[in-house]
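Pasting a structure below so you can have a look.
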Amino acid sequence: MNAWLQVFSLDFAVAALALVVLALDAFLRIPGRVLGWLTAGVLASVLVASFFVDTSGVVPHGVYESGAWVVFFKRLFLVAGLLGVMGSIDWLEERTPRRQAEYYALMLFSLTGMMLVPGARDWVLLLVAFELMGIPLYVLAAWAKTDGPATEPKLGPEAGLKLFVTGVASSAFTLFGLALVIGETGSTALSALPVQLTPLHTTGMLMVIGGLGFKLGAVPFHMWVPDTYQGAPTPFVAFLSVAPKAGGLAAFSVVMLSGWAQHVAVWGPALAVIAGASMVVGNVFALPQTDARRLLGFSGVAQIGAVLLAIAANTQEGLAMALFFISTYVFTNLGAFLVVHAAAQSSGGHEVSMLAGLSRRSPWLGAALLVFLLSLAGIPFVVGFWAKLFVFLAAWRAGLSGLVILAVVVAVLGLFYYLSVARSTFMAEGTSSEPIRAGLGVRLSIVVCLLAVVGLGLWPRPLVDEATRAASAFMQKH
Amino acid sequence: MSHLLALTMAAPALAAVVLLAIPGTSRTALRVVSLIGAVISLAGSIWVATLYDRALGGLQLLDTVPLVPSLGIHLKLAVDGWGVALLLLTGVIIVTGVLASWSVAKRDKEFFLLLLVLVSGVYGVFISQDLFIFFLFYEIAVLPMYLLIGIWGSSHKVPSAGPFGFTWKRFEVGSREYAAMKLTLMLLVGSAAILVAMFLLWSNSGARTFDMQVLEATKFPIAVQHVVFPLVWLGFGTLAGVFPFHTWSPDGHASAPTAVSMLHAGVLMKLGAFGVLRIGMVLVPDAAAWWAPIVGAVAVVNVLYGALCAASQKDLKYIVAYSSVSHMGVVMLGIATMNAAGWNGAVYQMVAHGIMTGLFFALVGLVYERAHTRTIAKMGGFAHVMPVVAGFFTLACLSSLGLPGTAGFVAEFMVFAGAAKGASPWWAIPGVLGAFVTAVYVLRACKTIFWGPAPVDEFAHLQDVQRTEWAAPLVLGSLLVVFGFWPKLLLDFIDAASQGYLGRLPIVALAQAVTP
Amino acid sequence: MSPVTLAIVATVAPAVAALLLLVLSPLRHRGAPAAWVTLLGSLVSLGAAVMLLVARLGGAPDARATIPWIEERGRAMAEIGILIDGVSLPMLIIVCLVALCVQVFSIAYMHDEPPRAFGRYFTLHALFLFSMNVVVVSPNLLQLFAGWELVGLTSYLLIGFYFAKPAAAQAAVKAFWMTKLADMGFLFGLLVLYVSTGGFEWTSAPSATVATWVTGLLFLAVVGKSAQFPLHIWLPDAMEGPTPVSALLHAATMVAAGVFLVVRADPLFALAPGTREVMLWVGSITAVFAALLALVQHDIKKVLAFSTCSQLGYMVAALGAGQAFAGFFHLGTHAFFKALLFLAAGSVIHAVHSNSLDDMGGLRKKLPLTTAAFVIGSLSLAGVPGFAGFFSKDLVLTSLEGKASWIPWAMLLGAAFLTAFYMGRLLIKAFWGELSERSSHAHEGNVAMTGPLVVLAIPSLASGFLGGWLATQSSAQYELHLGLTPVLASVMSLAGLGAAILVFRKGGQAPFTHVLEKLDTFSVVDRTWAGAYRIGLLGVASLAGWIDRYLIDGLINFTGWSALEGGSSARRLQTGLVRDYALLVTVGVLVLVLIGVLR
Amino acid sequence: MTLMNCILLASALMAIGVYGLATRKQAVAMLLSVELMANSANILFASFAHFRGGPTGQVFVLFALAITVAEVAVGLALVMLLYRRHGDTALDLASEARQ
Amino acid sequence: MNFDFGFAIVAAVIVVSALFVVRAANLIHAVLWLGVTLLGTAALYAQLNAPFLAGVQVLTYVGGVVTLMIFGVMVTRRHDGIDVVAQTEGADRGFIFASALFVVLALVTWKSAPHVPNPAPVASSADIARALLGEYLIGFEVLSLLLLAAIVGAVVLVRRRDPEPAGEPSPAAAAVSEVNP
């Protein structure tokens, strides 16, 4: 066996799974639900395998490099994928029973792309992996197409188009910027540096940042976020709102902190501006939202601002804290979206007001949502607090105290809308009192998220250590 | 027992966990478990008090667990004399609070759960010797309040007027949701300030640590201190009801259910004052000395303004709530004196006011539960039907106005003496005036509600105190008197801590050299 | 037992009684047992006090013992304890004796009250006696203040005993507020004393300025507690309380606490001549003013109340004249005869079920013993030679002789005439003349009622002769000397009585009655205070309340509102048009490039 | 023909693409603008490859072409969905998501 | 400095046709103009010594993308008209930002002064092939996945009728089996 094939064993397994799912559907007509659980099962196995298979190593030409850093991200993506798949099973069975295999396959393709991103050390591979992550998402966002109950607005095409247009515009800028960067350095290696920093090179870097910012949903590349979140299938949005962001973060860190780290003077201010703007815009725009998905979308924009804050710190600690943040964010936001999904399935709408009485109808779901909201708001003893705190500390230590103060101040706005959701959930009287029935997959996913959020909230150290190890593995090489 | 403090702190939270396992239908079990949790914590507090060596002073019963060592965060628990006094207060209030909430009917499981979690946070704050953990517990103590008020609170009408009347409709001013949201947001704005101050301290402590003992020993650059102190003052001060950031308090306390008001006004507001004292005054003493005149001036405004506002209220709970604003002004005034009498008085006042306001809210809750009104003009002659309530209410009034023989007097007297002896003796004047205004409004309320001809209408058959309702008046009422006659019980603890911390303040040595 | 132990027993016995009654509510609710417990407490107190007296007569020295109360750095910041000396011991005996008499009287007087109220009444009595004893035996000003406030509290609760009556409720609150207002002076005085001397001793000798400040502030409290002009208005209203309460608190003991304070703090006052000057005038004005108003009262208790004001004015004037002992002596005699008068009045009220003089008349035939008691009390009060009041009043007047201004002296002489005159009016209207309808059913009360009258009548008659002994106890000079003042005073009192007989025997009216009644009903002082309360306090309070709700809180609402509005208007930027989104991406890239390039 | 001119040409093409993207109301026309933008990047790659040497630039263009084609394919699919939804391909129709 | 007529003409063609792409009122015309732009680009590639690229450009872009676009236009054409009108809106705004972008890029270019005195040696097709299968092999493989994903996605999206869910035979299949026993 070729030595460097083992490096890709996890990615290969996921990609193969995608093909297998497609094949099983096409040739054996395996029912979609079975495919879903199969996918989930295999993803879980791959996740488990990641603890036993040593995938570290460097491939020839140094275009890909695997180690603790990569494994950290891969596990994160696998978890997100697993939760996303489980959350989708019932919705797919109900709404689009005739095209389930493709859904899983596309998700797995996206996952494959994601998993390749953190290890890429070459622009070509990075770009292709990034696009492999992105293109299936356009399709999945529009997954509902024009089907669905007559009462529901058919927002599928819009969701897909908005993601697509901002996506291709961004990727066009990325390409343009990359052309400048690669042109000036003459190499496609990420770590390549120009002899002399020219304005063209600077421009190229910033355009690439802009392009990557789109996937993160950072301001001003965030405009698709609320519309897409609203129009796309909610279980998919749960996945979309976390996994590609983690992927985007991986790309961001790989790009910023490998070769460009010494040009922090160039991208640092830009990143700080993006981070600050994201936190402000996300929180302010979230205030008047009445749709839970849009609200969570804007809140996500604000959360990403916090992650970028840590990246902007340009330190190993900052990177570690960003990793920690994004990992917790995966559980928190995914969980929140799935609760909203479960509630909306029963009450027929995603408006915040539709959550009224949730805590009566299903105390566990209500409590879970509360926990997720508190975590997003950064409240102690749920993991979001540590995440925010660590990020702030890292940024503060790196001298970004102004931004930290800004973050702390706008966080109060955030608290307002998170509490508004909690208020609907806990205080408002709902119209219905029948218990909420959520599918097994959704329930399982929520429980996993809940355990993670609470468990890590009480004892964050393992994940902190893991993130620190990953970050140091990355930073020491670069 | 090396983990006594941790046990005391965790007992309510553990009870909350047990509650999770109890079905919501077995209502007695819920209550009993809650009570057991509360009683264990009280017993723990008392045990702590007996173990604490007053002659030795300082931090005792140290208990450390490293939490995130890479960032200098440790779960470091220990208690000083102030902490002992406030632990006792918390224990008493939660036990009586649980008993006072025996009749909560709506979603009682969640209610007790949140209440207990909150109390664990309160305990935690008083025993944390790590700034970070301090903050953590602080948040735990503050946040459940949102749900507690938002779900179990009560709403009322507040007519819109004034230049900002147009904002009334949007916020539904007067509703419990409004009160809960305002309270939470204002307090969290305060926490934001605290967080920033914390970062400043952490990054400027050479060791990058949150350990308060290390921070105490650190001499921070004066520029840092001058940023940290106002942040701490206003941050914690918001919870202590410092003017003009007190407006969450009247609405919050008026809307909150009985036990929550008891806890919030009785204990939580003290967290704020404790924070200013323990972090502001002790960790950044130089800036504190510079800011003290301003802190004191604002505190004086609190005392008088709070009392005047209380005098204008027509709703019983608002009166008590504003009286808290006024009394917390006394606490802040004591803190600002930066001398032993003032600090002793401030902490004593925390306890005294905690007990007194707990008693107040317990009784107001009883009255409200039966009469279904809080408008004092509608009441009258209640002493005929509920003499016990009337008696204890009067007692609370007396402590509130600082009558000798009640804990309120000892506290206020020490604060005023401290103020008179301090740098700005004139502060004592509005302070004492505030106490007079208090006499006016509490006795007027007492008279209107309880005195007068026996009620004949729907109030004719109101019941007096029943079963578990006895707990709060009896325990809190007798404590008011005991602490009023025998201040030594608490003062030994408090003074031990004050002396220890004062010893570090160069400014105080100076001030005491001036006066004989 | 040592003097210290005895003093502690004397002080604490009523407290034990009160505590028992408070804790053992069945005891209190049953009524009668409460009375016995209270009586027992008072009796123990009195016994201990008498034993102290015996010991003192046997040559025992002053006794003083203190323990730290509020400690700071291991040092007492405030102490509590007992001090038995020539001032506190007589006072202790007076207080305990009068209290015991009043309590016994109350058993009969309050007999018709429901048991719970009866029990509450005696509990409060026990509490009062404890508080008063705390005042009396206090070794320093802080403890005195504590007791002072506590008697204020019991006064409030006892005035409001008939709390169902709105007037009583109002009177109780008013009394508390007025005295509390004055007590701020006490507290400030204490603070000044503490800051300048580091303690609360009256023996500490601060500078003259400090002494003036301290005494001036203390005197404010005296004005309130001892119902001096212009804070006297609470005392007549306080008559809403049960009559024995008026006898004990609002005539004999509590209101005299102000005088007692000055007597105690005499060393301080001695350093402050300015304060004494003010006291002299305030006392004199009060003496005359209250006497005038007493002339037109129709409520028997109000006559006595104004009379109390007036007599307290005497004492304060004497203190102002620097003759603490004169004031103290008058305090003692006054305690007996005024308690006697009030109890007798209580007996009358009990008999006729009315307070109004107009409902009385000719009671002499129905209530011989009461009448006798009343006459003794009245004559003593009027200062008829030989009666107790004569000696003390004479001493007060003498002490005013040779002062810078003769006006106070003259005023007090005039007041002496007025005293005799209004007491004469009272006697005639109530006990002589035609038997009124209500009076015709009157009859004497039982022995519990008459007994105390007899007991109190004795010192009312005779206590004047103890002046010499009392003076030696408080190391003051006292001798009965025949000068101009005693003669004039005797003449004045006799003239007053004579004039009263002349004027009122035929049902006539005093001269200027009309004017005085106008003055009484219009009550300038009362209205001024009421106005100050409404405008100065409630008005300002309403303003503060409005500001808090609508300006400060409004501003906070406005902040939140702005954030929400900001969010709503910002939302319009999210047009929903894909073209705009794409354009924004461009703009974003452009901005980033500009930041990077122009950095 | 200089590198500078080539970059300017690419920039111009990029700008024109942006203009089209920002002004075109028709979905397919929008896709055309995207093509222009992608094309401009390709020109840039090729130019750099020419002036600086090596196969890198040209390889990148190949990758970019493939990616763009994939994007356009999905884009067209989305446009057809839009058409199916509204019977028109005016992009502004896709603004139903609540504000 | 000698003026390069060949480049000037190609550049002019590219820019002008691009302008028509974004301004043409008829959508079909716009697509055709795009074809011109892409052909111009191919010519440019040829000038830049990248004949392989030029070929790929013509084959995939002009041959593939433009066809795809026309197909797209036709499929989504409204049935009531012959011409497909492509409206524009916000031209002023677009112009401002587009020109700002150009100005910024031009300034940056000018400031960097990327003068390269000696054009580097040309990369042959063989070089490209070597690079593709060597250094960029993994990227190349991933690209195939990407194209597969795009195809699957596009098909799923445009498919008018989804296949029957597993387990139950589709009516169409049943019909077919009836016809061909």
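By letter and in written order, the chains are A, B, C, D and E; residue numbering begins at 1 in each of them.
Please note the rule applied: a contact is a pair of C-beta atoms (placed from the backbone, for glycine too) under 8 Å apart; a residue touches a chain by one contact, two chains touch by 3 or more.
Quick caveat, the model's predicted, so the values are computed rather than measured.
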| item | value |
| --- | --- |
| Chain C and chain B - chains in contact with each | A |
| Farthest chain relative to chain A (centres taken as mean CA coordinates) | C |
| C-E or A-B - the one linked by more C-beta pairs in contact | A-B |
| Chain nearest the overall Cα centroid | B |
| Greatest separation from chain B - chain, by CA centre | E |
| For chain A paired with chain E, centre-to-centre distance based on mean C-alpha positions, whole Å | 29 |
| Chain B-chain E separation of Cα centroids, rounded to whole Å | 69 |
| Centroid spacing, where centroids are CA-atom means, of chain D and chain E in whole angstrom | 7 |
| CA centroid of chain A to CA centroid of chain C, Å | 77 |
| Interface hub residues of chain B, defined as touching at least two other chains | 185 |
| Interface hub residues of chain D, defined as touching at least two other chains | 7, 14, 17-18, 21-25, 27, 30, 42, 47, 52-54, 56, 59, 63, 67, 70-71, 74, 77-79, 81-82, 91, 94-97 |
| Junction residues of chain A, two or more chains touched | 124, 127-128, 131, 135, 138-139, 142, 145, 160-162, 165, 169, 173, 184, 188, 199-200, 202-203, 226-227, 416 |
| Chains touching one another, given as label pairs in label order | A-B, A-C, A-D, A-E, B-C, C-D, C-E, D-E |
| For the chain A and chain E complex, residues of the former touching the latter | 8, 15, 22, 25, 29-32, 59, 61, 63-64, 96-99, 102, 105-106, 109-110, 112-113, 116, 122, 124-125, 127-129, 131-132, 135-136, 138-140, 142, 145, 160, 184, 188, 198-203 |
| Touching residues on chain D, where the partner in the complex is chain C | 18, 21-25, 30, 91-92, 94-97, 99 |
| Residues of chain E defined as touching chain D within the complex | 4, 6-7, 11, 14-15, 18-19, 21-22, 27, 30-31, 34, 37-38, 41, 44-45, 47-50, 52-53, 56-57, 60-61, 64-65, 68-69, 71-73, 75-76, 78, 84-91, 93-95, 97-99, 101-102, 105-106, 109-110, 113-116, 119-123, 127-128, 130-132, 136, 139, 143, 146-147, 149-151, 153-155, 157-158 |
| In the complex with chain E, residue positions of chain C that touch it | 579, 583, 586-587, 589-590, 593-594, 597 |
| Touching residues on chain E, where the partner in the complex is chain C | 89-90, 93-94, 97-98, 100-101, 104, 108 |
